[in-house]
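You will see chain A twice below: alongside chain B first, and alongside chain C after that.
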Partner chain A sequence: MATRVKFLCDADRCIECNACVTACKNEHEVPWGINRRRVVTLNDGKPGERSISMACMHCTDAPCAAVCPVDCFYTTADAVVLHSKERCIGCGYCFYACPFGAPQYPRVGNFGSRGKMDKCTYCAGGPEADASQAEYANYGANRLAEGKLPICAEMCSTKALLAGDGQIIAEIYRERVLKRGYGSGAWGWKTAYKETIAV
Partner chain B sequence: MVKQARRLAFAIAVALLVGSGIAAAQQQPTSVNPTASAVKEEQLLRQLQSVQGRITIPDAKAAVLIQPGGRDWRDLHQVSLRWIGGIAILGMLGVLILFYMARGTIPISGQRSGRRVLRFGTFERFTHWLTAGCFIVLAVTGVNVTFGKALLMPLIGADAFAGWSQWSKYAHHYLAFPFMVGLILTFFMWVLDNIPTKLDVDWFRAGGGLVGKGHPPARKFNGGQKLIFWSVIMGGVALSVTGLLLIFPFAGTTIADMQLAQIVHGIVSVVLVAVMLAHIYIGTIGMEGAFDAMSSGEVDENWAREHHALWLEEERNKAPAGGQRAAGPAE
Partner chain C sequence: MGTKVKGENRRTFLKTFGGAATIAAAAATAPLAVREAAAEENDSDKKKARYRETDHVKAFYRTNRY
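So, the complex of A and B:
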């Protein structure tokens, strides 16, 4: 599958139910204090309020991978950005560089500083063997290896959060915008993929 | 005739356009555009440099939706810092090698006298080596973060390099604290001897014994040593403050603050490493007899007269019965 998978959150559909956040935590048994996905509400309580579900966007030319001092990141054939916790030293540089605040750190190091980084894997696990116990313990479920899409998008009750081949989800979003006549855009796409969806 | 026809066609076209526009507006006169007042990503990014909202999970920093500032930081870290560090460290090494080839070890001109004078007591040497030892480990492990991926990783492999870097991080975190202790002790121990005076101006004007002939007179510390002292103090304080901000993420700082702190930390450290290379050079192979001051603590009297004539005189006057302090007759 030589596709380029992406996330797209249709802010005009997101109702801030946080099901994606919960589903993600449950699917991967993400530890307390770490959120691989979150919902941010802009203009809260005002006209034009919008909520956006955000996680690692699996950027093209990912900044985290560029700044990592131990080169622990790699990109899969589907363009999912993954990392090796074996190599990660918890320096926090990926967090400085990430435009989306995706990298998370358990507070285990000396002085309560950062442990090994954790982030959204696009439900694609890590460098260990697919669906192995070690992979599950470190990165959570590998749904992609089972032919499934990320749980957050599958769970989304309003289908605001889309995951899958970038071209296909862009087409779905474009059709929606044309049909309903408005759309606040593909949040983060320009930053992550250096392109946006022209309607 | 032709002109008139054209004008007529244009007038009809305008009328049609205006008419259709009015018709469209009349079709949906009360339609609500739900996105009219909605926030736009590009507009927010232009105005605020980041997009921030409200969040329901107990992690306030996650309320920042997009912060493209990371892109600038990435450039600073991956490009600028590498250039600055490379130029500062390699440039200084190059200068020192050229200087050594030209000048060699600068000897004590009157040979060694065999009589020794105590220059640095046990506490002074302990403080110096505490700070120096920590600094060397901090420098190596710090430089590793910026240059290790390019220089060391291809040699030892990614996994071995990751293991080494993990220990480097621990060493960097733990040794930062004794380094800060050493810094504070150094400051209080030597600050009175390091206040710049007119003597230092003359010392620099005379070439400081490095260039030109002879050594201008100096007290306990000469102009060059004072420069080292103040570089260590000011650089060390800058590194300590930024380092503490980085070691405790989000302790009153935002991500932009931490990016700035990291850049200041990186630039100040490579400059200080370059300054320390010069310090190490002069203290070891650059000047005959200089290393004694920090190893045994006792320097040769001729060395002291050459480098710190005024200080030697002061020590003589202080010591009772005109003898030299700690200069055993058996020597």
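So, the complex of A and C:
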């Protein structure tokens, strides 16, 4: 079976340091106002607080691709959803369709005046030739073609964000849960939060 | 009568000039269009798998197991 690359964020480990966000912006020279990745925190400052790093999840049946009127999206053989900025008309339909808020635009405006859509490329560039100047200018670095993984996952200090072959990272996560537990059953939870708080 | 001839002349001029301008614009933009199309990879190339299990990737998996 062909490899399907995925992101997996371990909410037990994410400490909302935002290193993934910063590393992404730096690697791809993402312009001001666009965040390809962001950290979402629930119950901030309260017991049971949880953070998760979110970006394009490279859906199997991507809703952005389903609604795009100019058909600018395509899925690669390793299941990365990419798009062509040459074709994008900045209509904003993909933004409304995406359940993760991944598509971003360089300008605030109405239909067509927002500029070309920008989103996480799984560090796999775009439709231009691999590692070309044009590809870097439009989509950022193509780390996948260099034999590397997305910079956000490689930079993660607590190893919360996993990237790579879906089968392998699922296995890694399973091993972690078996060894350390998860939620309030995780190793060290009772030391940190006593027995009164459970998630 | 004289006015009519004048009007016709102006229309003829605009028709000729407008046509020439359109052809010139098409000639000027055509090489650009070809260059842009060549900049994008063909369909099979852009959809090919880029993920490889290199030593770098294996090191990532290994260090994430603990």
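Here is the rule we use: the second predicted complex is superposed on the first by the 175 of 199 C-alpha atoms of A that agree within 3 Å, B and C clash if a C-alpha of one lies under 4 Å from a C-alpha of the other, contacts with A are read in each partner's own complex, and residues count from 1 in each chain.
The rule we apply is simple: a contact is a pair of C-beta atoms (placed from the backbone, for glycine too) under 8 Å apart; a residue touches a chain by one contact, two chains touch by 3 or more.
It should be emphasised that the depicted structure is a prediction, and the values quoted were computed from it without experimental measurement.
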Quiz item: Is A:75 in contact with chain B, with chain C, with both, or with neither (first, second, both, neither)?
Solution: second
Exercise. Report for A:86: first if it touches chain B alone, second if chain C alone, otherwise both or neither.
Key: both
Practice problem: Would you sort A:63 into first (chain B), second (chain C), both or neither based on which partner it touches? | Solution: first
Quiz item: Which chain makes contact with more of the residues of chain A, chain B or else chain C?
Solution: B
Quiz prompt | chain B and chain C contact sites that coincide on chain A, given as residue numbers | solution = 86
Quiz prompt | Footprint of chain A on chain B - complex, ascending | solution = 33-42, 44, 51-57, 59, 61-68, 70-71, 73-74, 77-78, 144-146, 148-149, 153, 158-159, 161-162, 165-166, 168-170, 173-174, 246-249, 255, 258-259, 262
Quiz prompt | Residues of chain A touching chain B in the complex | solution = 11-12, 16, 18, 21, 33, 35, 38-44, 46-48, 50-52, 54, 63, 66-72, 86-93, 95-101, 105, 109-114, 181-185, 187-188, 190-191
Quiz item: What does chain A use to touch chain C in their complex?
Solution: 2-3, 5, 74-78, 80, 82, 84, 86, 124, 127-130, 134, 142, 144-145, 147-149, 153-154, 159, 162-165, 168-169, 172, 175
Quiz item: Inside the complex, what are the residues of chain C that reach chain A?
Solution: 36, 39-41, 43, 46-54, 56-57, 60-61, 63-65
